[in-house]
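Going by the order they are written in, the chains are A, B, C, D and E; count residues from 1 in each one.
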């Protein structure tokens, strides 16, 4: 008898809670993926495609869905650490297939070599190259993310990635690397 | 012997790489509470192992009919049912064991290791693999419990398998090993703080071993990656 | 010719952390002398054992961690920890108690948390608590002051007790502690606590021989000696006066209120101040900068909380003294206290 | 406000939190008057010596300037001009190390004094009180005055505030140890300082003027007291000595009890602060029309034999001042610009004195010993006790080490004034301030990067949207076009039928290609188009055959061309192979030369040229440039450009010439004899080229831009290949030499051809352009492959390089041949060309693989 | 939405009912065995502290519920032993509320002459290694009660040695033995006062 009552009670309770869960699943359905947005905010937005995804947002989506977090070469270990913090996982080392050299660079067009083919313009993910067919192209250095996607398409190899020069304004107090004059 | 790779992987995962005790850190509550002696650890470990196998198998069987929204309550129901059955059966047929493990048994219901496996593995895999996963995870958990129990028992009381007769019958009384005679018990080892400290050392040891294994492994050959163009050629 | 590049400021006071540590060690000397006077050679031997163990442990862990051993081994912090452990444990405790304590303090409490400056708990007190809960028997075996003992202990006999549990004449610690009338003597705090649990009044409890004329034979003077050492530290600006003042004031307030409410079941403030490890805690333990709060306001709160806890635990807890527990609990609260007692930055509301 | 004055009159002041009492060490220099130093041999004037923007240069090297003459002009409000400190000649304008902790170089004017010290014309103002505010501000601005206390904020901005000013505070605290520059200035020029204050009074009209001075300068206090006797408005506030009383915020707190809110200028509280040095400079500027060209600098430290305050011209190298004060030559030099608390060490004594330089400190090693080893923080909290900004230095330090910029900002890192008090007292010797500086720089940088990332994201999104739109539009258009065509084809006209057949043909072609891939030969089709495919196959085979013996038996015109190309290619290959044997190489080259001249097809020639050039570059990469070559390079372009009529062509020719010159230069070695010989050879070549370049223009018929482009593309292709090869080649010297010679010759012809081609081209259709690009793409693709294959084993590499060169030559030749040979300009042709190219490519790959295999087996 | 609610509710209910049913069935199947086991255990314990030869009834059957504050706040059970109709002894459960970590549950057997025949710890959470010496498994300290009687409420012998009594405290732990001694003492006092009513009581503690 007690067993039957127990079964009945548990059955009814679960009926009620099942209904509640069903209701909640419809009512509070989360649209979109806020996690992906947060990851996207961490990524450096170079849109370089080195992660194997066409742009930072797609990679963010992929990470939110379980892709490895160590594929953002421009972001480097810093970005990995931040994503790991966000996702609550252990930070892992940069994927070996990705270059880890993430010194900030900016593209530079050697103008005398440029033939005006517009290939780099098509490659640039952030429209940081101006120029038109048969005209020499120029990089808007401020907009350039240093993704180096324009380097490969150039038929005349006139695009170089140049490290951003150090000035007193962006100097990072690296006392160890001051050029000290050795007199003798 | 031709064991499919899948089972090898599962074994490796359960026993070492993804050990529920040392890596997933699931079910710490019973793990730390009952491991004051090897025998206690063995008892709880076996009970957990049994429940884990049963619940994994059941969850795997019913996975098709379980909708996403109510999966957790259903898993909990299944596990709770198994635990209660185990408790009742133990009470009926292994009373002395029930006496010494009784209060820990209900803890298994809330042992996250079990619901964790149900959710992470059993609910997505076929019966055979799920059962095996439950078994091997249970064994992994049991081993950690035993290790912890052994450390604490030796440090705390200087013995091993003390009280084995309660669990295994009177013949087991002869299993008791007096490692060294202590005038005074080292209470810290027996008390829960000792469990935490010992657990910490176990985890550290595992990480150390992993690190040295990783060091020994030759570096993977550098592979180049295909860059994806952010182009929309079409 | 080489140019030397450094970041400003270029000049610097010539103080060093190790010098600070050494000063604190020196300041414990009056207290140690008092202990020696009342309890014999036991604590000196314990300090020696703990120091040797601490240095060995520090050396081993530092070399495992591949740290600069030369710099860090003798920075004084390990020795200070060992001295504090040696002072705290009962004079006649077996040798392995202080060895285990020092080992635990250095290897686990200090180095496993990252070494000097990173340990959230005071190593000496954490070790003391570990010993207390692991070996309650040994850790509560305080002998009565020498003047009350009817077996005199010289250095060799003390060594013998510590290493073999028996004097050369075959007396055990238990026998040494037994009063002529057959009562085992404990510390004054323990005595009073036992008396109170038996339903006696404080007045009655105070008749025990270990209490003596005022608060407690020996202990009052040991505390006074630590107080003296504390004043030296304050004078030398090695510690801030805020912490001990707040701690003692807090004990005063709690015990005074309790005493006012029920003088029969509560001991006086002076008893609280001058028995147990109160002064040692106030000037040498709570002022440990690593595990304490940092800002002035934070230190006041930190020490006041410790004082309150000492009173509560002494009154309601299972162990007679409470300084170690109070310190550990406050260590835990220190980051939180720091969080809420941040000073207002110049130019901010 | 009354209460403030009352308190001050009673001599009671407020206090700021913390502070320290480092040894003052001012006795080294306080007892000696300010000395004027001799004129240095040169002056280095960084064009920016203040916070803000640099002015615009208005002098150029070689100019003669008078003393006080401005060297830059201001175009934006935050710019401050600089002036010539003495008369002399501008030697150069170059990057020179500046007075900055980084030791980086920035644009500076180097002035060589003539020793005459001739002033420009000056307008002495007797009575400045008649001048209006704006004139005064303008005078200050033109005199180039920027805050002389250390920060260097442009003074004219500071005094030109709109806010109502209650207090003008004159900062005479000079709290840093060692420094006595302001002290001495006040003692010796108290009147001038007070004049400056009065000018400021006129501009700002404050309610009160407070002079904050520390009580360790009794003589200066006396001197000022003497001067201000009759001015009630000026209050001399003698405050207790404590570091950093001289900090702007700290002094404001001491004198007025007010705290400047974080991130706000004091003027919002009705307070303006000026340094005494600045006051003196203002007086000089307004009254005697003397711009800021010199300042008092304390040169001190126990390493010096004669520490003293000096009047130093701006731009004087520190070396000069140290010599004047007798700095002994010692092994280890520690020289600090500024005081010991906030100054920075100099990596070099060529650093010039600038407007903010108040002290040069050369301590002995005993005085300021090497920093102790940093040990772990024990949270003693002493740093927090001395922090004048009431920060928590130890917590900041942890977060700085952990690079937790969020926490750092939350703990108000940016309120840190970097006074160094915390690091001064730290018993663990942690360089706290350094950690903060690094963190501050990083956070600032990160903020910029964040902004940039946000912008990049927006631009990326915008671009994506645009491309999406374009794609849709294009699809729409295609759909419409397809519909239209279908309608047309179904209309049954003759044209429609033709179109249908064309489509059928295309399909057939595709099939043919497939068949070909599986090994089936399809050589007997009637279809015109299919025959072309067959041709391609035949050609491919011919090529294979050609590897054993050249053949010219194909009747087809096109095939002939192909054969020619093959022959050429082989010739080159041989040339490359038998580098040591000059004769044979020459022979081959001659053989090649004869054909292109008669062929109508220029493109082939171009390709050949490209190949040749490529090789040349490769070689170039191996060699070191020499002087002779460089000279040549310099000359040749000039000559050409002066003679050529057509600007564009001339440019091309010039480029070619330059390239060659460079190459040659690269080829030459230090061995003199050989260098000479080569130089001659190259000169000859160049002559040829020039001749051609000059001759051609008249013959030109087409001036379309396409031609230009094609040439460029060809060049690009060549370059690409060159790079590839460069990667493959080893460093064997002997071989290199031989190759160098051979390639030089090749180049000569080739470039000639390249230049000739564009002119002769008749087709101006866009298709050609495309084809060329395709060819280029093909070449590039292969280049990459080869590069990937390249091994470190030099020998194998050599073999491969040769093989691949062969293949490539063939292939590209074909691709180009086809394209060029085509007469029809219809779209179909274009397609065919592409298919052919694809076929060729496929084969090339096979060959390449084979070559590789061969190499490996061998 | 309605569909989601319905299906989820149905599925959850089905599982719940199934699981409960399984548990219920197991419960039914094991119920008797469990009872038997517990009974056997009880008898075993009782026989240790009350000489089985001294009585001829089934003690587990003659059980009464008693409620007294001196025995603890919850109702306690008393198992009575009779030889024929003569009351021989009683085993009373009692709670020592002042253990070191929580309640200590004891079973105290007293014969009709107010003499303790045995004490056993039923359940406790005392510190392992210190307070757990009240278990027979760890120490025979608990046997020191055997044969003890009490004279009056203020009998000074009924205390641990530290408090001046006759019972050993374990070294290092005073609280646990003190609690056990006091609880036993209270039970003894209760028994001596109430034994008449106790043995005449008919209130049974059998559930049905």
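FYI, a contact is a pair of C-beta atoms (placed from the backbone, for glycine too) under 8 Å apart; a residue touches a chain by one contact, two chains touch by 3 or more.
Values in this document were obtained by computation on a predicted structure and should not be read as measured data.
A.B. asks: Moving only to chains each one touches, count the minimum steps from chain A until you reach chain C.
C.D. replies: The least step count works out to 1.
A.B. asks: Using C-alpha centroids, which chain lies at the maximum separation from chain C?
C.D. replies: Comparing chain centres, D lies farthest from chain C.
A.B. asks: Quick one: most central chain, C-alpha centroids?
C.D. replies: Per-chain C-alpha centroids ranked by distance to the global centroid put A first.
A.B. asks: Skim through the chains and flag the pair connected by the most C-beta pairs in contact.
C.D. replies: Ranked by C-beta contact count, first place goes to C-D.
A.B. asks: In terms of CA centroid distance, which chain is the most far removed from chain E?
C.D. replies: Result for the farthest chain: D.
A.B. asks: Whole-Å distance, chain B centre to chain D centre, using C-alpha means?
C.D. replies: It comes to 60 Å between the two C-alpha centres.
A.B. asks: Take the average of all CA coordinates in chain D, do the same for chain E, and state the distance between these two points in whole angstrom.
C.D. replies: Roughly 88 Å separates the two chain centres.
A.B. asks: Would you kindly tell me how far, in whole Å, the mean C-alpha position of chain E lies from that of chain A?
C.D. replies: One centre to the other, that is 67 Å.
A.B. asks: If you average the CA atoms of chain B and of chain C, how far apart do the two points sit, in angstrom?
C.D. replies: The answer is 41 Å.
A.B. asks: Pull out every residue in chain A that's touching 2 or more other chains.
C.D. replies: 14, 17-18, 21-22, 25, 47, 55, 125, 173, 175, 178, 180-181
A.B. asks: Which residue numbers or ranges of chain E touch two or more of the other chains?
C.D. replies: 4, 7-8, 11-12, 15-16, 19-20, 23, 27, 130
A.B. asks: Please output the residue numbers of chain D that touch at least 2 other chains, ranges allowed.
C.D. replies: Those would be 101, 347-348, 434, 437, 460, 464.
A.B. asks: What does chain A use to touch chain D in their complex?
C.D. replies: Residues 40, 43-47, 55-57, 78, 112-113, 115-117, 125-128, 134, 142-143, 145, 155-157, 166-168, 170-175, 178-181.
A.B. asks: Could you pull out which chain A residues touch chain E in their complex?
C.D. replies: Counting only chain A, the residues touching chain E are 3-4, 6-7, 10-19, 21-23, 25-27.
A.B. asks: Can you check the complex and tell me which residues of chain C touch chain A?
C.D. replies: Chain C residues touching chain A: 1-3, 5-7.
A.B. asks: Under the touch definition given earlier, write down the residues of chain C that touch chain E in their complex.
C.D. replies: Within the complex, chain C touches chain E at residues 135-137, 140, 184, 194, 197-198, 318.
A.B. asks: Could you list, by residue number, the parts of chain E that touch chain C in their complex?
C.D. replies: 100, 130, 159, 162-164, 171-175, 178
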